[in-house]
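Worksheet: the structure to be examined is printed underneath.
Letters are used for the chains, namely A, B, C and D, taken in the order the chains are written, and counting of residues starts over at 1 for each.
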């Protein structure tokens, strides 16, 4: 089965709302229940916000691609940019210090998804987020 | 502003439901009201069904791309395939004969959208459907 | 799509649930044709209150059902059309071709 | 996002409507900081009942507001949290850091 959705935006934070709406509906249409879809929406929002803030350093006109598809018993979302790569995988994953204001994005992402991958290669950064969902009955 | 959604499916009619769900949500997120979004969903469903039936002659494993984006005061949906091209533009647009069972897809499409274009080039067919929507306030 | 058939005297009601599109219309067609085949002289009601969406394939299917019914002297009625499907029948100028009832009950009693 | 401030005696209520995310949090921050600045010794309630969604930027903003309030001796309360935002505060283990009230009324009276 091929059925996937790719959302393309510029790195403007005002696009986050658009991303949440379309990614949420796409994950549901790919078989995620309400809870899994909401978790993915939260996680994707954080991942895309991180790209805007860190990979693109606040530039609002750089391209970001978000692709949603089914991968076995998971719904998978790929977030792709060509900005500055960070050492995302080795960032702290402890619950953030109570009154620190930042530093909660990666923690949230890891709490919300079942699988989390990050790769940088040839100037492009790719984060994969995967969440287990019920097995599809029939045509899905 | 760049914000667009591309849905990719195989030419399996069981994917129509997926297309409707994601295209509907995308058109709304691009600024279409309920009525315009519903009209676009109906029109896109007919256009994609026609690709499955006519361009791909019922093959269920051929690629179809559906791209939704904003184009000025319109929401635009592009449907793209590489199947057999038909003379879609010159097909009859009169209301179909009452008890004929087929022949209503193109008529519906034309009744539902404000602009309708079809082009075949280098083995790829592209249908553009556009519907006027309210002007965006702010970041949309 | 889910299709269930229930019988009330000489009226058969086909209750449909889910979108009726190019993928699911064949199932609808088969169920209704089966009922029509077994019901010469009677009435077949298709209850579409559980159908939020129909496309032109479903419209074509309903037309085929109507023709099949006439040729078998079976009365054919639609009941419980939601706004979306009603709009599609209006756009294709077919509302008046069908006998359309608000509810299953009124379609059975008519 | 829409932000309105209303005053009840020495309590200022900031009513927020719309998603609070990286794009809109600065607006929330500015509104709340303004109110805190003008209200030494009093109470500031942020009514989030019109906010269906918050992300980590909004969480960071609320923490900054809490710190700003403490340093200005202003009591800082959250009211009317919806399920989604409550879940985000739980996940980030911050629910207990804030004084959270079910409704604006109980936050004002407290």
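Heads up, the rule we're going with is that a contact is a pair of C-beta atoms (placed from the backbone, for glycine too) under 8 Å apart; a residue touches a chain by one contact, two chains touch by 3 or more.
Model, not experiment: these values are computed from the prediction.
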### Steps needed, at fewest, to go from chain A to chain C via touching chains
2
### Task
Can you check how far apart chain B and chain D are, centre to centre, with Cα atoms defining each centre and the answer in Å?
44
### chain C and chain D, separation of their C-alpha mean positions in angstrom
54
### Task
Would you kindly tell me how far, in whole Å, the mean C-alpha position of chain C lies from that of chain B?
27
### Message
Using the touch definition from the top, which residues of chain C touch two or more other chains?
### Response
23
### Task
Please list all residues of chain B that touch 2 or more other chains.
12, 14, 17, 139
### Listing of all chain pairs that touch each other, if any do
A-B, A-D, B-C
### Residue ranges of chain D in contact with chain A within the complex
19, 21-23, 53, 55-57, 59-61, 63-64, 66-67, 84, 88, 91-94, 97
### Query
Residues of chain A touching chain B in their complex?
1-10, 12, 14-15, 17-18, 21-22, 24-26, 28-30, 63, 138-140
### Residues of chain B touching chain C in the complex
12-14, 16-17, 20, 38, 42, 45-46, 49, 52-53, 95-96, 98-102, 104-105, 107-108, 111-112
